[in-house]
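Below are two complexes that have chain A in common, paired first with chain B and then with chain C.
Coming up: the complex of A and B.
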């Protein structure tokens, strides 16, 4: 009996957060599902329409492609940053961590607008290159997928760095030292001893960035020039331009299901439980 | 029939007025007059008999609404004793219908669009315009409906930056599609409104036959295909300010934008970096509608509408905000330097086609789908 009571008291602690999730997330999501199947008429009409639309298919392809490239970009850059912070920096460590977190203090909207200032046709980057006479005419750095990717990698980078950093800082240096003392080269000891230990951090960073990128809206909308139409923007378009709540909701249902599928597939290849829950 | 009223365009015009007002380009008096002419405010009328009544005019809101209330309505009240209130809550056809059906009509005059006006008339939700009070000859031909009458116009125009184009400006929409001779980015609206007409002309269809050419599915697809062809050179604009920014930041050299935004750009861009042509443009009217059983009475509202048709008011509207007079006679009063920017001047009218709400009601939704597909797929 005391055990049960203990369990109950734990649940009591979780209750406020749970209540907020149920009221402000789960219920509205169910409402969206309902709209998807009932407007303008009951049935799967919205989904049939969606499946028949090339624009929707392309938008899904763009969404997943942008999310995937962003994830890879963030992992590569983030890994280097996390590695440097956890293995080399000493007195500078707090400062470097602060620099990683700093962008969170500025809204995504402002950061995206800043990229417009930088990447525009007569933006800072193009102007500098033109004055240095490295290029003759301005490069097209935004209003295309390149611009979206640059800005998204920037926005998502902290989400990749932080999990990897936590993971790497928990790795004891003695393993690499042992490998080195046994004659392994620096590269071999990194690849065979250090890198495998960082996989949980890499995977949780990857999942975080990928899932967040799938639903990302602001940056693609501002820097895509209308041609990098990700699903979230397509949903806005359906609802705001056509008041088409049915199709818009159906799109979001599919995005949610697709994201869940990605997680399921990922779970087949990596141990998600170990990655996300039992990280040492 | 789908409602084809372009609510975004309406909000945009109100937004522009506020911008001008803040910049100090518009005096209070001018602002009031312009907004009155725009139809955001009621025209002045005398209501000697109904001193206690209140007139409610409904527009599309934003900061404009507050400024209007303070500047126009309160002063009007001071002059005549009649209280006038601007409601900026956006008189969509749906809201007007709900109001009339519930029997609790509180709006007297609504700034609507041709699409809404036609639907509302079919549903019996609006009063007929009394053309013995409102002068049919004082509005652009084609904008006098049974239950709605034009109150201002704006156009989709061909805007260019001659400097970026090396002085070689495209004169027609066919030129716009000629990337070889006119290199540079183009901007089109993130909607087919006023854009598909350009693509259709780029196919070689004469202006007058544009909507005929778009009357079949094949015709629509052929025009959409023109966008697919050009898409590597296209950046789309979502809001009016988007289109303005694209020109200001020199992101685009050519664009199909609202004449109201072009009106702002001509002052903001340096000499020789901005040009506007109405050639092959699409002219769209705003439409007054009066909800059935409006509280102030039908006749009173008709007098307001008639007053708003006066050329001298209409001209101020172009001067201050950039939207065109619905009354073509106002063109004579337009200062010479503004004449090229007047959507409803005789010269510019001759080069444009009237926005076809019936076509949009029938085809817009499917065309939008194809348009998005052409741009991204």
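Coming up: the complex of A and C.
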């Protein structure tokens, strides 16, 4: 039977990558579940301890708040850029696209470092404001939620712009033209005709930014200075400072479940395949 | 010509947002030429001392070299495995292949700290902690989704009748893959290779968990530098990397047009 044989040879191509992913990635991540339920003793003790901890609760609230504000900020700023790129063709449009994509290739570590240089106590922003005698004492721009949010929006913005750009490129201009020729103002035709068509792109961008922000570590850890403990940093704290693997793993399990829930809920509104599997 | 408020809002808004995206990254440039020994703008004049420090410090140079060669090995492994995977799935195009594709992209969705915990515990069992092999394996897993996504995107334009024709003319499955499908996937493979290299070159959280002293990468040096003492050498390294990125982007844009 040649057809069966053929399928076998295609699976031979698929298997190496799939096998190492399952053995060295999926299994280790599942191993965390085991730790959460078995260390220091078998049972749900870690989860009980977690549910009773105010610090954990605060950390989850901060995590979701930062992720939500970052998402909204990225959507608003990203929409403006994506709209201008897709709708006003000027000689500078290719430059705009290049400048939006460029930060994507600069490491998150370096981008966070830049914000530390800018927002620190004796950073460039405070220096400039003091020099101009607008303030007497340095403002606290970093090591608080404000600093984390500014840097997070900066880091995540390209993830919001790119899906919106892909979506807007596929929108034909005839609908807005029709609305305009029927007498709608520029704002009205944007709000009632153009904007609804961009919802798939907006939702894709929102999902990407929100999910990535939930588990983000580098930027909150550097800009938060230990004062804005998002869950990821809280987990490393438990493990590196207190060697508390049980609680750290239990928190990881909850973070994983929260991420999965967000994706499941999003699946009702967003085309997950287009957002994640068939990204351009 | 009349320009409406609507248009002015979006045009100026867009440029402001782009300024917010790009300008903060550029602050490392003046800092890197500072003549002070702390992070700040140049006081008396410009100085190349922090660049000199980077190029003479064996720690920085070794870490850079490690990041480059590890990145190249990772990109090669991930490209070979990921390309084979995507081509196999493209031929199968059934439910099982779809499930396989979802499994392969999980590293994009799992929070970095969570997967690093998993790596750490597993690598301890395998004796891979603080080894280059351990880092290469972890980074290959993290890079695979990007290769598979970009190769798949390249194949979406390939006419399914082409491999069928090759098969009916007597080519074996492997001959068909090699002579018909791989050439069509080539742009996707190239993009995937670059993505995989950058994933490895920039990766920090995993490296923090699975290495100690023996393996030093560039991101780890930068991370430790930011944590311990703020040394302007980091600004010099950052400037060099940004200039490299600019050149690479410019080449990419010019080659496309």
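Note that in this section the second predicted complex is superposed on the first by the 236 of 280 C-alpha atoms of A that agree within 3 Å, B and C clash if a C-alpha of one lies under 4 Å from a C-alpha of the other, contacts with A are read in each partner's own complex, and residues count from 1 in each chain.
Here is the rule we go by: contacts are C-beta pairs under 8 Å (C-beta built on N, C-alpha and C of every residue); 3 or more make two chains touch, one makes a residue touch a chain.
Computed from a prediction, not measured in an experiment: that's the story for all the values here.
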| query | Which holds for A:17: it touches chain B only (first), chain C only (second), both, or neither? | reply | second
| said: Quick check on the superposed pair: does A:186 touch chain B, chain C, both, or neither? Answer first, second, both or neither. | reply: second
| query | Now for A:143: first (chain B), second (chain C), both, or neither, which partner does it touch? | reply | first
| Looking at the overlay, does A:122 come into contact with chain B only (first), chain C only (second), both, or neither? | both
| field | Per-residue touch tally on chain A - higher for chain B or for chain C | value | C
| request: Check whether A:237 is in contact with chain B, with chain C, with both or with neither, and answer first, second, both or neither. | output: first
| message | Quick check for you: in the superposed arrangement, does A:225 touch first (chain B), second (chain C), both or neither? | response | first
| query | Is A:111 in contact with chain B, with chain C, with both, or with neither (first, second, both, neither)? | reply | second
| said: Quick check on the superposed pair: does A:59 touch chain B, chain C, both, or neither? Answer first, second, both or neither. | reply: first
| task | State which residues of chain A lie in both footprints, the one left by chain B and the one left by chain C. | result | 116, 120, 122
| field | Interface residues, chain A side, partner chain C - complex | value | 6-7, 9-18, 20-22, 24-32, 35, 77-78, 80-81, 83-85, 87-88, 94, 96, 98-103, 105-118, 120, 122, 124, 127, 154, 157-158, 186-187, 190, 211, 214-218, 222, 231-233, 235-236, 239, 248-249, 252, 255-256, 259, 263, 276-280
| task | In the complex, go through chain B and note every residue touching chain A. | result | 185, 190-191, 231, 234-238, 249-251, 365, 368-370, 372-373, 375-377
| field | Contact set on chain C toward chain A in their complex | value | 4, 6-7, 10-11, 13-14, 17-18, 20-22, 24-28, 31, 39-41, 81-82, 84-85, 87-89, 91-92, 97, 100-115, 117-119, 121-122, 137, 140-141, 144, 148-149, 152-153, 156, 173-174, 177, 198, 201-202, 204-205, 219, 222-223, 226, 230, 234-235, 238, 241-242, 245-246, 248-249, 253, 257
| note | The chain A residues in contact with chain B across the complex are 53-55, 57-59, 62, 116, 120-122, 143, 225-229, 234, 237, 241-242
